[in-house]
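Have a look at these structures, which come just after this line.
Shared between the two complexes below is chain A, which pairs with chain B and chain C, respectively.
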Partner chain A sequence: MLIKLTSGTVYDPASGIDGQQQDIYIRDGRIIDKPADAVVDKEYDLKGKVVMSGAIDMHTHIGGGKGNIARTLLPEDHRQDPVHRSDITRSGCGHAMPSTFVTGYRYAEMGYTAGFEPAVLPNNARQAHMEMGDIPILDKGGYVMLGSDDYLLRLLTAKKDQKAINDYVAWTMAGAKAIGVKVVNPGGINAFKFNQRKLDLDEQNSHYGVTPREILKVLATAVKEIGVAHPLHVHGCNLGVPGNVQTTLDTIQGIGGLPMHLTHIQFHSYGTEGDFKFSSGAAQIAEAINRNKNITIDVGQILFGQTVTASGDNMRQHANHKHASPNKWVTMDIECDAGCGVVPFKYKDQNFVNALQWAIGLETFLLVNDPWRIFLTTDHPNGAPFTSYPHLIRLLMDRSFRNEVLSTIHPEAQKMTTLASIEREYTLQEIAIMTRAGAARLIGLKDRGGLSAGNWADITVYTDNTDRQKMFEKPDYVFKDGQLVVVDGKVVSTKWGTTHVVTPDFDPSVEKGLKDYFDRYMTMKLGNFKISDDEITEDGRGSISVHPLTGDVA
Partner chain B sequence: MSALTLTLKQQPTQRVDMSPLVCQHLAELSLSEIGALVLQSGKSLLRVNELFSIEGSDTQDIIINNSVDTLDFIGKDLESGRITVNGDAGAYLAFGMKAGDIKVSGNVGLYAACEMKKGYLEVSGNAGDFLGAALPGNKMGMKGGTILVKGNVGERAGDHMRRGNILIEGNAGDYCGSRMTAGTIAVMGQTGRYLGYAMRRGTLLLWNQPNLSASFNDCGAHTLSFLPILFASFKTLNSRFADASEAFNRVQRYAGDMSEMGQGEVLVKL
Partner chain C sequence: MTEITEVPSPFCGIGTDDLTIKVDGVLLKVIENGCAVNTPAFEQPITDTRARVAGQEVSLEVAVAKAAELLKDTKLPLIGGCATDVNGMRGLLALADKAGAVVDNINFTGARNNFLALQDSGWMNTTLAEVKNRCDFLLVVGTDVEAFAPRFFERYLWNKESMFLEDTAAREVIYLGRVPSGTASTSPNGNPAQVFPCAIDDLPEVVAVLRALVKKQPIRATTVAGINVTDLQAIADKLLAATYGVVTWAAGALAYRQAELTVQTLSEMIKDINNRDTRCSGLPLAGKEGDQTANQVCGWTTGYPARTRFSKGYPEYDPFLNETKLLLDSGEADALVWVQAFNVKAVPPETSIPTIVVGRSGMTFAKEPDVFIPVGTPGIDHAGHAYRMDNVVAIRLKKLRDSGLPSTAEVLNAIEHAL
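After this line comes the complex of A and B, so read on.
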């Protein structure tokens, strides 16, 4: 079947196309060059419509244990937002942490075709993949979480060489079917278990004597040497602590030029100036990002309203539990791997701190120059549910709307932000970079995020509208692998996305030490830890897409 | 004007969600419109006039005859008026009730008066578990009003209760008054295990010595002058609580739950 999308205005930063009128041809799920003489089976007239590839959320908590803890903790989140089944879609519920099916439908209805779970605990990777396997339409993948696991800290304490670390990281990635590596509060989750309640970049874990700086360095090196395209994905130290802007700047400095992705940086950009000892560090952060080309970031924008924060950072979640709204929370230990903290949150525009957090996120978006190195996220659901992306896009693209909202927030917060003076408005091309081409490149997806021939046909079509929120809320068409899945912002058919992974090589002898460790300390045997391809594909709907490592011949 | 009377024709095979049939929703409707309303019953929808024969016209005074324990959500969010249930009621009776009067002649199911805000509920039979409690996961149960149960109640009566009175003429099950933040629960009969489990504040007023957990401290015998005032406020009730011979002002006082805030009290008649 040959599909032709005729005369749409195409924004495809991956091939440098910025708003040119073009035809796109789709056959067998992929975009192809104009065929010589083939008959077009189905044509869509897209004259005047905006065409982009399907959006990719490169940091969204859509799978893994903490989501289920959040769901269990907040039954009211489900009761207040029921979704009925239709002939083609399943029922579900949830505003802040929707059920799997609803997650897939709602993402697709906004023009998203892929989402990446950033905190896959090695031990819980199977559950995370099974859960993501229940999310329809979207492609998915996960970054495996290391850095507070006892095994790595033992390797570091024993002064093992980088090769041993690389083998362990590669083995874990392969076993957990990951496409990246994430570190959360490096070593801090572990330090929490030894009764430390904070851990600065150069502070030693009281048991292992390892500092976060060493952990970051060794993991960033491992990721680079293994050849994983996605740089080490870092949730830094001191999340949410006033004054942490210095920690973040030190982290950037300390990585010594290695590729590093700093995630939800908004939560790591706080100063201590002003009457309330809380101020914006966005300008300093943005300057550092602009200067250090090895650094990429996503923002983790907060937006006002009820949500739930779910994080592996049990140290910081424990510290924040007194802000829980409604007043209930969970922090837990997860074997020797890491921890987990779930704290429901209601961000209020009349709360000084929340209002300034909102402004800090937007300042960061607007002050970082290179859209290829900054990504649009709310750290779903931590800053806001992903369904608020169209609103966020409008804030970025429409200065008068932004200033209108700014004028309604806490007056002291208005005084503490330079937002009103920032004139920048994002262009459609820049949005396409942040949410498509840039994200695909960052994760290392070889055939997604672009509209040139050879790419999978993940395509979103919008009606241009000066109200960008309305525009991005309701795409005219969304194609996933060439199948029309959404019309006018409603799912019209469903399919199953693939799971993106990398398969790095490692020295098989790495399992010798690990087997003993698993036998002694873990609830799972080493053989059961490793997820086989069959587990993802055997139900006939999942599939695995392996992406190249740098250095591979594509 | 005579009361709007709904008489159940036969026992429904599935549970029925009765929440549309409250006074404020019916105020502007004619009898035929009321008959045409649909109720969720299991997977299907039933018309009101399939299930009930309808008589009378006063939508602010509803009588449900032949009621059975599969009729759920009777009086949900009731804002005014009166509902009289002849027979039993299912789960979630008077759920979130804001004002008005509900009386049931028989027994009622789980979660009666769940998160009730105000008004008066009277049950002549027994009540199930979680009387006046919060929905699972929610932090606030009953916030006001009065519940009178002439029979026994199940477990967890007043779980997460915030304000108001629960008056029980019979016995209460285990965990009575668990996780209470405030309010009053009075039990004339026996109470079960784990009385006042994790209660923060509030009062449990008992006629019989309970089996208390170790986390309640005996504070000695007291003569409390507020008790006669409390009993006086029950004078108008159709209940043994209105009977002057049941009143007392001399109690043994226990404070707890000490594993929580410990500002709750259990007062036992001496």
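After this line comes the complex of A and C, so read on.
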């Protein structure tokens, strides 16, 4: 079947197309060049419509144990947003931490066609993939979490060389079916198990004597050397702590030019100025990002309302539990691997700290110059549920709307932000970079995030509207792999996306040390740890898409 | 005849995956690392291989069509048992969604003690590898651990080596409330666990006093439910002195009214200890007959644990009103689908409403169900996934033999499609 999308106004930063009228042809799920002969089976007249590739959320908690704990913890939140089944869709629930099926539908209904779970614990990777396996329409993938695992810390204490680290990282990625590597509070989750309650960048783990700075360095090096496109994905030290802007600046400086992605940087951009000893560090952070081309960030914007925070950072989540609203929370130590903490939050515009957090996120968006190195996230669900993205896009694209909202937040927070004076408004092309082309490039997806021939036909069509929230919350059409899945913001058909992975090489002898470690200290056999391809594909729905490593010949 | 090593078990809940099993046709024999729970569960012979309708053997297609017919015009079908693997639960929930059914896991009334505490105030928990490597003091509350999981102590406490303890045999174990049925908790040094028994339904009082002592509140009483307060003080002191104390219980073993308050008191006590400059964690025992699997898959599919109804077209969780027994006794349920792929003894409750059993081959009935479809067991007849007690690790179950029995998922998907 040949589909033609006729005369849409195309924003395709991957090809340098910025708002030009173009036709797009789709066959067998992919975008193709204009065929010489063939008859068009289905044509969509997109004159005056805005056409982008399907959006990609490069950091969203959509699969894995902590998300399911968050779900289980909050039946009262689900009850306010029940989702009926239909002839083509499954029932479920929405709001803060939606059910898997509803996650897929609602992402697709906003024009998203892929989401990446950033915190896949090696020992919980099966669950992450099984949950993501029940998310319809979207493509997915995961970044495997290392840095607080005892095996890595033992390697570091034993002064093993970088090659040993690289082999271990590559082996873990293969075993967990990952496309990236994340580190959360480097070494801090581990330190919490030894009763340390904070861990600064240069503070030693009391048992291993290893510092977060060393962990970041070896992991960032490993990711680069084994050729993973996505730079080490870093949730830094001291999340949420006033004054952590300095930690973040030191982290950037300390990585010594290696590629590094700093995630939900809003939570790591706090100063200690002012009457409340809490201030914005966004300008300093943005300046550092603008200067250091090796650094990418996503924001982790907070938006006001009820949500739930679910993080691997049990050290910081435990410290934050006193802010739990409603007052119930969970932390776990997990399998000598990592941990998790789940704390419900209600961000309030009349709370000084929350109001300033909101402004800090927006300042960061607006002060970082290069849209290819900054990504639109709320760290779903931690800053806000992903369903708030259209609102966030309006805040970025519409200065008068932004200032209107700004004028309603806590008055002391208004005084502590430069937001009112920032004139920048994001363009459609910049939004397309942040949420499409840039995200695909950052993750290393070879054939997504663009509209040129050869790409998979993940395409979103919007009606241009000066109210950008309205525009982005209700696309006219969404195509996934060439299949029309959404019309007028509603799912009209469903399908199953693929799981994106990389398969870096490692020296097979790495398993000698690992087998001994598993036999002596772990609770399962090494062979039972590794996830096989058929675990993802055997139900007939899942598939695996392997992406090239840097240095591979395309 | 073949021998399969490193076989994981879905039966014991603690994720043992070191069994060696000899396979001779469809006969299995556990030849290494069996236990009183796992060995009989693996060795259970296959009896039925053909489905039955009204006691007559029929093809699978006929049985599926009959099941769909029985479900077709029901007002409130009930899917009980819910004891299967991840794919089985996926099929089960798809069927429930389509049929507007109630889903209720066989162990939910026990698990409810945990869910109510979790959903009211939360907890700080840990997992088995942390116990194996860090735990220096284990407090067991109201539970006979070795009857629940015979190899728990061997695998996770008396392991020869650990990363962070010099001498694992020096770990201390104290039982509160229930006397252990054997000596598995005796350390390799020969030190038996200390035991402070009380009537099981006196545990709320005992645990409340223990928490007060942890919080250094004055207690005037000298005994609680027959236990000396000085002994409870000693337990509190050990919890506070431990480097990594662990408190364990099986929610189902706390078989008295409002036992969720006991779980909550324990969980809040653990939080208190973590506020007193040391670490302590809870370790709820569970994972039998797919209970954690049911709650996990139902959790991500609906947002709620596996006592949820779909009769209004969307999931509604009620930990009390969606109970199997209640729905059968009240007459509200008008058809029963019983799904039990693990345990031949866990037969459906007797009822006069149409009953469809998707059950492990070998199940026998006092009253023949309208439809019986024997299915394979995950981890024996087909590959699959099952959650162990700590809810983090989903073990990859292996296929050990070719029995030709369909999986739960295949049967339930077929019924759903036939509806």
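Here, the second predicted complex is superposed on the first by the 554 of 554 C-alpha atoms of A that agree within 3 Å, B and C clash if a C-alpha of one lies under 4 Å from a C-alpha of the other, contacts with A are read in each partner's own complex, and residues count from 1 in each chain.
One rule holds in what follows: contacts are C-beta pairs under 8 Å (C-beta built on N, C-alpha and C of every residue); 3 or more make two chains touch, one makes a residue touch a chain.
Here the structure is a predicted model, which means the values were calculated and not measured.
**Student:** Looking at A:Tyr521 after the superposition, I want to know if it touches chain B, chain C, both of them or none. Which is it: first, second, both, neither?
**Tutor:** After superposing on A, A:Tyr521 lies in contact with chain C but is clear of chain B.
**Student:** Touching A:Leu73 in the superposition: chain B (first), chain C (second), both, neither?
**Tutor:** both
**Student:** Of chain B and chain C, which one touches more of chain A's residues?
**Tutor:** C
**Student:** When the two structures are overlaid on chain A, which partner does A:Ser91 contact: first (chain B), second (chain C), both, or neither?
**Tutor:** Second partner only, chain C.
**Student:** Between chain B (first) and chain C (second), which, if any, makes contact with A:Lys328: first, second, both or neither?
**Tutor:** Both partners, chain B and chain C.
**Student:** Considering each complex separately, which residues of chain A are in contact with chain B in the first and with chain C in the second?
**Tutor:** Residues common to the chain A contacts of chain C and of chain B are 72-75, 79, 327-328, listed in rising order.
**Student:** Would you pull the chain A residues touching chain C in the complex into a rising list?
**Tutor:** 65, 67-68, 71-75, 78-79, 82-85, 90-93, 97-101, 121, 123-124, 126-127, 130-131, 134, 150, 154, 192-195, 207, 318, 324, 327-337, 342, 520-525, 527-528, 531-532, 534-535, 538-539
**Student:** Name, in rising order, each residue of chain C that touches chain A in their complex.
**Tutor:** Per the stated touch rule, the residues are 6, 8, 15, 17-18, 86-87, 90, 94, 97-98, 115, 118-130, 132-134, 155-156, 161-164, 243-244, 274, 277-279, 281, 295-297, 299-305, 310, 312-317, 383, 385, 387, 391-396, 409.
**Student:** Which part of chain B faces chain A closely enough to touch in the complex?
**Tutor:** Contacts found on chain B: 135-139.
**Student:** Using the touch definition from the top, list the residues of chain A that touch chain B in their complex.
**Tutor:** Going through chain A, the ones touching chain B are 72-76, 79, 326-328.
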